[in-house]
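Here the chain labels run A, B, C, D, E and F in written order, and each chain numbers its own residues starting at 1.
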Amino acid sequence: MEFTERKVLVLIRSRPFGKIINFEGWRAAVGMIGMDHEPQMLFMGDGVYALLKNMDAKPIMMFKSTYESFDGRITVSKRSLEERGISDDEIFEGVEILDENGIAKAFIENEVVITF
Amino acid sequence: MKYLIWLSHECETLREITESLKKANQEIALLLVQDGTYLLDKGCPHSAELKDLAVKVYALKDHIEERGISDRLVIPAELVDYSGMVDLIMEQYDKVITA
Amino acid sequence: MEKKILGFLLLSSPYTYQNSHTLYELARTALEKGYGVKIFLFVDGVNNAKLDQEPDPDVPMNQRLQELADLGAEFQACGLCTAARGFDQTGSDFVDVVEVSGLTEFAEIIGEVDRFITFSL
Amino acid sequence: MEFTERKVLVLIRSRPFGKIINFEGWRAAVGMIGMDHEPQMLFMGDGVYALLKNMDAKPIMMFKSTYESFDGRITVSKRSLEERGISDDEIFEGVEILDENGIAKAFIENEVVITF
Amino acid sequence: MKYLIWLSHECETLREITESLKKANQEIALLLVQDGTYLLDKGCPHSAELKDLAVKVYALKDHIEERGISDRLVIPAELVDYSGMVDLIMEQYDKVITA
Amino acid sequence: MEKKILGFLLLSSPYTYQNSHTLYELARTALEKGYGVKIFLFVDGVNNAKLDQEPDPDVPMNQRLQELADLGAEFQACGLCTAARGFDQTGSDFVDVVEVSGLTEFAEIIGEVDRFITFSL
């Protein structure tokens, strides 16, 4: 099809660090902005560990500037947080916590899903 | 919209994605390939979920057979070949979600 | 009517994961049925494009990519990932149907596909 | 240290196919024989799926001759089989099924453990 | 013999290996690195096992800290640096088992 | 007394997995404490030896291997894995402290180590 500007969901389901692909998701999301797509980050499952604010940014330096330059929505599954006993104040500020309805909307409203 | 949820890694839970879309009245089905096919195997800790979820399940025939698990499936999945898989992805469903 | 396009993101190396095999079969079938195919090689996915692979008795993945390109598939590879892994950023280490580019080109693909699948790790 | 002929445990804990490393374990085990080590294969956890006799050998052709040329002990955890509901007659013949005591012995008697 | 069980992948169960060696009266400890450190995190489905198993647990301090899970550990693990890890592996334990 | 040897099997690529970083730190510390280190690169592990890696701002893994070798570490790489991935079997694509050999050499390492650790996928 012709090039179309899109709503893109970048879904992070993998743990950070052990496999670095979790962080590569940020790069992909920022890349979307370059072509005027509208990306939304969604952390689910063990992907939510990437939002712990006590995380040490040194090993992910390569991605930190990317993370800081991302101004799309950053969202996380309430259920995935709860299943792991992660409270709201353990994660970075400004992350939107989505309930079941918000998760459904994320899949429905975004046209393309990219998964890391 | 009809959603096809693609699972290829391992027998991991798809409860959250499937339940949230079902509650939002969306039509969904699973497409299992590679190690994702183990989700159908009775030895997978999450395979019991498939009965609860009550969604249509497709699986790539080759990947079920090469693993030797055809006789061990917890629910009757619809086995497809690559041609069938392309039809599902491109025509029968509107969107693919890689889990 | 314009043909529908199936897009792929490939994150894994050949031979170690089944991803490359599945992607090849699925892409070839889609091309034979008349769909377009666009593939972005990211992270370890760029290793699939390396020339001179000899995985006997398996079929070299670079040859598979060539085959898919001959059927009409288009390939882009992440340039930073290519350089990180010690390959030439102009693409001279890769099968020549693969263009070394960047995430902007990936974003372009995302704007052109009708369906999209990630082959992750 | 000086080169010593050893008892070597090749421990397979990963599923077959998706990651091919499970099969590379066979190659490593056969390699051991070349230097007069005494290898024992032990399948535990999801590694036991590699012993299902209904498996189609075509995709693992590369390893089949290796498998056939291996004449060391091939062992599997009884507990891992049971946890997955795999009965004795679903697995290849000639595989020794180890109870808890046999598993302990495998780790105690082998001098080196290599894990796939 | 003193065994050090090395886990680096994920928070997976070590019940079978540890229980069988303990029943055989062997001395064992766990050494958790990389994503293996999540086994200590209260969010890991297998972390409750650590209390039952009652084995000594070492973990690489750097890998716990970079993951930001220091405050979330289910049992008090002994955190070591690389130098401490080399001592454990080469001197204090007789054999390493990569899980 | 002869020095004790720590052996490693590395199965994964650099940059995608944390394995290579952990192995480097652990091996360096062991060497600095006076132990010997022997490393076998198997499957995707051979990618760590590739020359000309530019993973800025990370440190190239080929340079790390060179550093470890300068401290006394010995490296072997699986030849079939090397050829499968499109690299020269004589080792000319690899940092020259890595010898391309085979599983017999791996079995030799297994006969010489006092402790052994696998860095798997």
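The rule is simple: a contact is a pair of C-beta atoms (placed from the backbone, for glycine too) under 8 Å apart; a residue touches a chain by one contact, two chains touch by 3 or more.
As the structure is a prediction and not an experimental result, all values here were calculated from the model.
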Labels of chains that are neighbours to chain D and to chain F: C, E
Fitting chain B to chain E on CA atoms, where both chains share a sequence, rotation angle to nearest 5 degrees: 180
A-F against B-D, pair bridged by the larger set of C-beta contacts: B-D
Remotest chain, chain C as reference, centres from CA atoms: E
Centre-of-Cα separation between chain D and chain A, whole angstrom: 39
Distance between chain centroids, defined by C-alpha means - chain D, chain E (Å): 24
Separation of chain A from chain E, taking each centre as the mean of its C-alpha atoms, in whole Å: 30
Interface hub residues of chain E, defined as touching at least two other chains: 8-9, 34-35, 63, 95-96, 98
Residue list for chain A, restricted to those that touch at least two other chains: 17-21, 113-115
Junction residues of chain C, two or more chains touched: 4, 11, 15-16, 18, 43, 58, 114, 116, 118, 120-121
Which chain pairs touch, all of them: A-B, A-C, A-E, A-F, B-C, B-D, C-D, C-F, D-E, D-F, E-F
Partner chain A, residues of chain E touching it in the complex: 8-10, 34-35, 38, 41-44, 63, 65-72
Complex contacts: residues of chain B adjacent to chain A: 1, 3, 12-13, 16-17, 19-21, 23-24, 26, 95-99
Touching residues on chain A, where the partner in the complex is chain B: 11, 13, 44-45, 77, 79-80, 100-101, 103-105, 107-108, 111, 113-115
Complex contacts: residues of chain F adjacent to chain E: 4, 6, 18-19, 22, 25-26, 28-30, 33, 35, 114-120
Complex contacts: residues of chain B adjacent to chain C: 6, 8-9, 33-35, 60, 63, 82-83, 85-86, 89-90, 95-96, 98
